[in-house]
Amino acid sequence: MTSDAWVLTALTIITAATPLVYAAIGELVVEKSGVLNLGVEGMMLAGAVASFAVAHVTGLGYLGALAGAVAGTTLAALFALLTLGFQASQVAAGLSLTIFGTGLTALLGQPLVGIAFKGVPEFAIPVLAEVPVIGQLFFRHDLFVYGSFILVPAVAWFLYRTNAGLTLRAVGDSHDAAHALGIQVLRWRLAAILFGGCCAGIAGSYLALSYSPMWVENMTAGRGWIALALVVFATWRPGRLLLGAYLFGAISILQLHGQAVGLEIPSQFMSMLPYLATIIVLVLTSMDRGKISLHAPRCIGQPFYPAS
Amino acid sequence: MMRLYKRSQPSKFWIYAAPLLAVVLTFLSGLLLFALVGVSVPDAVYAFFVEPLSDRYALAELGVKAAPLIMIGVALSVGFRAGVWNIGAEGQLIVGAIAGSAVALKFYEVDAIWVLPLMCAAGVAGGMFWAAIPALLRSVTNASEILTSLMLTYVAALLLSYMVHGPMRDPDGFNFPESRLFHDAATLPLLLDGTRLHVGFAAALIIVLVVWIFMSRTMAGFSLLVAGAAPRAGVFAGFGKHRAVWFSLLFAGGVAGLAGLFEVAGPIGQLLPGISPGYGFSAIIVAFVGRLHPVGAMFAGLLLAWSYLGGEAAQISLNLPVAVTNVFQGLLLFYLLAADVLILYRFTPEVVTPASGSLNTDTVS
Amino acid sequence: MFNFKPKHILQSLLLVMALGSTVLSAATDDAFKVGFVYVGPVSDYGWTYRHDVGRKAIEAEFGDKVTTTFVESVDEGADAERVLRKLAQDGHDLIFTTSFGYMNATVKVAKSFPDVKFEHATGYKRAENVSTYSARFYEGRAVLGTIAGMMTETNTIGYIASFPIPEVVRGINATAIAMRKVNPDAQIKVVWVNTWYDPAKEADAAKTLIDQGADIVMQHTDSPAPLQVAEERGVLGFGQASDMKTFAPKAQLQTIIDDWNGYYVDRTRAAMEGSWESVDTWQGIKEGMVGFGDYNTVISDDVKAAAEIVRSGIVGGTIHPFQGPIRNQSGEEVVAEGNVLSDEVLLGMDYYVEGIVGSLPK
């Protein structure tokens, strides 16, 4: 391949990883607050269908993205009602949310099938976009991709550099202790869940408006699950999450390249590579037990009821 | 507005009444949903709820559909109670089916009584092997079984695809992706003539019973519970964290593998690229809706199977899109999960309305 | 929130029971009933969508005299048999099962319902009351391969393939043979995505192939995503199953359209009139089962003429897409000059011909 082709490949990897980054960083915040929401796939689909509908009707792609964020947040609110309001099992509520979201979006999206949308505009950043390689990789994107570049450091800063982030982590680590300190545990968790839904909604919008601008049923095709796995992979650290998303994206794309140049390996085995690589890297980085227990939210999955 | 108060002990009444309340609420929402999509409400209700139970064949099909859900749901609930998050039962089911099918194809046309037991053993071993990978990685390197078991599910699906497109495909099948049809000695005996209800359903009920006894009557079951509740206490009770991890994963993996083998040796009768419509994932819901209790999981498995069959019936008799079934199932699960709150909590009218609406606030003192 | 009184609950339950029993006694109407079993959702805009267009053609043709039913997203495992049995039990007279994976279930259920006619798509097992039907999509690929071979400037065609089944392999080979006839230097790079349907992954594959030098992208997957990528990157491509012009007005050179309408209407009529027999149907361009869209205006008259020669040659029987000499990847002659591949070999095709990069999983 020419050097130009390598740059293009790297560009493909960045864009392929973008929906994973959004969905996973949202879920990371949710899990940091001590809640496990397995409904990412459902929320992504809601974001995809709502964003496409609004973009199609108004012709404004980024307005669609806003609608996608709202749709994801709405499904997240339903999850919050069940888990925080009714103390339901988070695992089961999340899985149910995915079933519900898949069905609801398929139902509502029927009139949108077969409709084309031109996609969202890109904005080249003046001067920087002209820098060879770097400019092409990082400064000629749509707002979704720029947003993902900003969101991850912003979340890292929020979690580890602000009082609010400290509070959120405290809620996730020991809700009883946090409650004893007068922290409104459920309100913090509600906020985190809604944020997660918003991010998942944007992830879905990116797929439906930018990556492959169309709506078809179940178009996220399991990316919500990969996002969930990436949070565990990242051991709840934003920086590693970015790394994981790009690693997964890179191996997914490179195995396609391997096929195209005619590697004599059955395609099924090539398609296994992203999953196997994720496991191997996780194993290599999990050996240091201290680090994981430092970052893993200790209350994850446990419902909270104030013990007065 | 209402406030949530914890009961001093679980409500005996609501343990049984909560699922009924959920079904009634689903039912009422269903009426609204059916009216909204413009189908005749009584017809829809009939198709969804009555048709799946309307005759002997339909009831047998309920058992066929419920068997893998119950088996895996019960097995997973053991692990979930011990805090072991195996969400890769789907992959374990697939590998079990591959291993069992390999035996059936290796001894193709061998008409012997040992073929089927050997297939079952291979199915269990296949599922256990696939589950042993996350168990090993968890106990040796501390890698989270949530991620490894999920990732291995994708790997298993691709492995199955490779097998039916390559080494295990029917030599006389024009290179289409499917194995030979298993011969009679490699096919599960039926429980009811003229239906597809196979011994797998009986096996599911036996597993329910065994797990129930194990969890409630044995020291090992108790220790496993303790290991989930508090890792340290579990160690003292003689069931270390590692043993809980190994036991939970191997048990669920073996059962899932057996369920996979039952699918290919029972209702399907051959190895295909798609042998499970996500039973391994649905079983997670079954485990939780069944409140991690074997008998609860049995009912939850039957209920979920019922809703699947109802959805098919509604499609056939009313042309109701399958999406409506998913919405309806989602609602059913939401209500089941929400209604369970009444077992441990009670709603009481509140004099002062808190700002956070009907969500309970933390300001109890 | 929960202020339902027990009395209300009881009332609704009673209401339901009453309603249920009225339905039970409802008489069945005597219209001819046609059932369809789909592997995907009707809104996939690909394979299943086109079959559903065919179902609607039956309704349009026969009006009140038929009722049609479909069951979508039916898993090819254990569920298929139950759905089929239920359709037969519910009085359907003719049932189309539209995916290969339903083959054994179709044959099995057909045995228990000798009076019901079954039609299984893309399979090879027949019975007294089971027909099979399939389309010679490879004929369409030969036309597209001709266009691709003449229009590529990089001599590289990218091909996004789903699963290594004979149907897909046949399409790749037909493309390669036609392409090589007009451009012996051109080659096809194949990427298997192991899915029929994942827009983002299909888009990834298209980008990969373009990055590897392909200036024309072909696909045997369902979504318009690869064409959208082609449009964005300024390269060319072909539609799949439907006319996808709206998704890529500049990039779509031509498209293959799955057209089941004629077959479905004919078979329904035959079944209604009592002249239905078990047959093996494999129709192509001539019969209209494989259709085309409009040629893109960027196609020059020369190329259009060459494509039309192939198309009309196939229709007239003077051109066969698998006409010898055909060499496999290692250069051995597998079909001698003057011979054509038999349908039976085509049905189970599992090797690549010359001009294709990569190896086929065995």
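To keep things simple, chains are lettered A, B and C as they appear, and every chain counts its residues starting from 1.
Assume contacts are C-beta pairs under 8 Å (C-beta built on N, C-alpha and C of every residue); 3 or more make two chains touch, one makes a residue touch a chain.
This structure is a prediction, so every number in the text was calculated from the model and none was measured.
Ranking B-C and A-B by contacting C-beta pairs places A-B first. Seen from the C-alpha centroid of subunit B, the farthest chain centroid is that of C. Inter-chain centre distance (subunit B to subunit C, centres taken as mean C-alpha positions): 33 Å. If each chain is reduced to the centroid of its CA atoms, subunit A and subunit B end up 27 Å from each other.
Contact of a single residue of subunit B with at least two other chains is seen at positions 158, 161-162, 165-166, 321-323, 358. Residues of subunit C found to touch two or more other chains are 41, 164, 194, 361.
Multi-chain contact residues of subunit A, defined as those touching 2 or more other chains: 106, 110, 217, 266, 268, 271. By the touch criterion stated above, subunit B contacts subunit A in their complex at residues 4, 6, 37, 80, 137, 141-144, 146-148, 150-152, 154-155, 158-159, 161-162, 165-166, 281, 284-285, 288-289, 321-331, 333-334, 337-338, 340-341, 344-345, 356, 358-365. Residues of subunit B touching subunit C in their complex: 2, 21, 24, 27-28, 41-43, 45-46, 49-50, 57, 61, 64-65, 158, 161-162, 165-166, 174-178, 181, 196, 263, 266-270, 272-277, 309, 312-313, 315-317, 319, 321-323, 347, 358. Within the complex formed with subunit B, the residues of subunit A that make contact are 78, 80-82, 84-89, 91-93, 95-97, 99-104, 106-107, 110, 179, 183-187, 190, 217, 225, 228-229, 232-233, 266, 268-269, 271-272, 275-276, 278-279, 282-283, 286-287, 289, 292, 305-306, 308. Across the interface of their complex, subunit C is touched by residues 1, 5, 8-9, 12, 16, 19, 106, 109-110, 113-116, 119, 207, 211-214, 216-219, 221, 223, 252-253, 256-257, 259-264, 266-268, 270-271 of subunit A. Partner subunit B is touched in their complex by these residues of subunit C: 1-2, 4, 9, 12-13, 16, 19-20, 22-24, 35, 41-42, 69-73, 75-79, 81-83, 85-87, 90, 100-101, 103-104, 123-124, 163-166, 194, 347-350, 361-362.
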